[in-house]
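In the two assemblies presented below, chain A is common to both, partnered first by chain B and then by chain C.
Take a look at the complex of A and B:
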């Protein structure tokens, strides 16, 4: 199976571990992930003004690129890119006037957009197209005894129109983790915000969120936290320094992308993991569990 | 020979509007030729006159066409009804940086030209490029730190500045392209061991005798030897 793939900018930089483990683990599942030849920034944040069509130019240009690649659907793993692309797509599908205006503005493009591309998140694709039973069957190194807190943040399940699971109590990542042989733990704050871009201007807000979210994971004796968003990863992992500064009794955990656990369980090469990009090095824990 | 309707026969003239004033100019003139034909002297906004230097960026509109069009005045031919304006240069702040201290990654872009991250992918820059460069694609490559892609995609940029004049995010695209080319040259280019070897040989005096011999030759003898050399 071939699958058009939109990595997003951050996966080419600070989240290369997310990019490489996505490609490597999907290959193990018989899915040839094909990065689009041309793509641009997703638009980063979905603009809430429905009449500011300039903010739709970036996501819709990517949807055009998918069409031009000959695919009718594509997958992305970044929660932020997924949210922006999916919402722009929905806007274009339900607002013919906006679509016409944008196509007119993008007149240089050889391809017109017609709402005819489907956006998938990797988790959704794994559940609905690959199947968690098939994933479980492909596992060569079960993550036995590993207690995993699955963090969704905001972008995967909100707003409801783009959610592929329950917005308040999603379980898709827990089901995926169980298929890999690990133990998902209850996690009260799994769909709470990580503080997002406040990391720049109001770091104390992020410090507080990181402290609370990690505390919730630790309360259920989690070994690690997994995420699907580079910004969540940054705030929960790299901002542990800030959390410790503001909350002296703070205790942290390693933070991994869910694809990194997939790559381990499916026996992919460690070169895809880029553990050097992590703030809290997950290697001691993984070595201790015989997983690295 | 049948002449197409949109190609006026040789010797005919067209009307163009220079700074709002109508002028009859030869139909085969370039914009730069037309401006000078109309009696104006170009003090700024002209350089090589052959499409290489990028000094003569021009914007114009055609009658009945809503678009702002762009071109280099030295290589774009006039059209009947063209309303045109040249601009001497596009103000842009060059970042000051030490190339040794930057690495060829996204952090270098963030430090020097953070404005890059205002790009909304509207593609207006690409539409405005007289060189036909995929400008937006290289801005996007800069956003993700792909320095080699910026260098490749922007290779034919002549720094005319039309893209930055039109950019709604006020990005200074040619300066970003220049930075990427410098980063590539300093950090990513292939090493050339042959060059180091040859420099070493020169410094060791391997060619001193040959050089002294040539310096002593007459102009005629040197010329003869030059044209008789082996050329691949």
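Take a look at the complex of A and C:
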């Protein structure tokens, strides 16, 4: 099976680990992930002002690229890209006037957009197209005894019209982790915001969020936290320095992308992991569990 | 402590109220002040007024108070309030509209400037953080 793939900007630098483990683990599952030949930044956030159509131009241009690649659907793993692309697509599908205006604005494009591309998040694709039973069957190194706190943050589950699981109490990542042989732990703050872009100008707010979210993961003796968003990863992992500064009794955990655990369980080459990109090095823990 | 608020019919239908309703696509008077949005807001501890108070002041056309608040810049559009509001008010859209009111004036009222950061700080930040911040906090 071939699958068109939109990585998003941060997966090409700070989140190379997310990008490479996505491609490697999907290959193990018989899915050939094909990165679009041309793509641009999705804009990262869905513009909420009803009168600002400009903010749809970036995501819709990507939908046009998917069409031009000959695909009718595509997948992305980044939660923010997913949210932005999916919401822009939904907007174009239900607002013919906005779609017409945008196509006029993008008149230099060879292809017109007609709402005819489907947006998938990788988790959704794994559950609905690959199947967690098939994933479980492909596991060569079960993640036995690894206690995992699955962090969803905001963009996978809100607003409801883009959520592919329950907005308040999602379970798709827990089900995926269980298929890999690991133990998902209860995690009260799994869908509470990490502070997002306050990482730029208000790091003390992020420090506060990171402290609370890590505390919630530690309350059920998690070994690691997994994420699907490079901004969540930055805030929960790299901003642990800041969290310690503001909260002296702060305790941190390694933070991994869910695809990194997939790659380990499916026996992919370690070269895809890029553990050097992590702030808290997960290797000691993984070695201790016989997983690295 | 007592607070005196002067209300007038002119404020309730002021250009500001109409603009916020138009940009946000929301009917402000739908909110009946249950407080659920504020109860679940992860940013509330850092705000000088709570999300339900923002909606209340917007209903009443209290433009100066709203535009001077820090809360409108602290909201990160996490959408928790939107998914929980029993009246289906999209609070995050209302706050975006109030931010837009400030950012769309001719004065550069940007709340983030990359020039303020050390090169090391900028290099350590992933593009996803910078672009999101610039999109939300600058004109």
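Here is the rule we use: the second predicted complex is superposed on the first by the 292 of 292 C-alpha atoms of A that agree within 3 Å, B and C clash if a C-alpha of one lies under 4 Å from a C-alpha of the other, contacts with A are read in each partner's own complex, and residues count from 1 in each chain.
One rule holds in what follows: a contact is a pair of C-beta atoms (placed from the backbone, for glycine too) under 8 Å apart; a residue touches a chain by one contact, two chains touch by 3 or more.
This one's a predicted model, so the numbers in the text were calculated from it and none came from an experiment.
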First, second, both or neither for A:1, with chain B first and chain C second: neither
Touching partner for A:106 - first (chain B), second (chain C), both, neither: first
Which superposed partner A:41 touches (first chain B, second chain C, both, neither): both
Which of chain B and chain C A:197 touches, first, second, both or neither: second
Contacts of A:9 with chain B and chain C, given as first, second, both or neither: both
Which superposed partner A:61 touches (first chain B, second chain C, both, neither): first
Chain B versus chain C as contact partner of A:167, first or second or both or neither: second
First (chain B), second (chain C), both or neither touched by A:221: neither
Superposition-derived comparison: chain B or chain C, residues of chain A touched: C
Touching both chain C and chain B, counted on chain A across the two superposed complexes: 9-10, 13, 41, 43, 55
Chain C residues touching chain A - in the complex, by the definition given at the top: 22-25, 42-43, 45-46, 74, 76-80, 82-83, 90, 92-93, 96-97, 100, 111-112, 117, 124-133, 135-137
Chain A-facing residues of chain B, complex: 105-106, 119-123, 126-127, 136-137, 140, 143-146, 168
Partner chain C, residues of chain A touching it in the complex: 8-10, 13-15, 41, 43-45, 47-52, 55, 78, 80, 154, 158-160, 167-168, 192-193, 195-202, 205, 208-209, 229-231, 234, 238
Interfacial residue positions of chain A with respect to chain B in the complex: 9-10, 12-13, 38-41, 43, 54-55, 57-58, 61, 105-106, 108-109
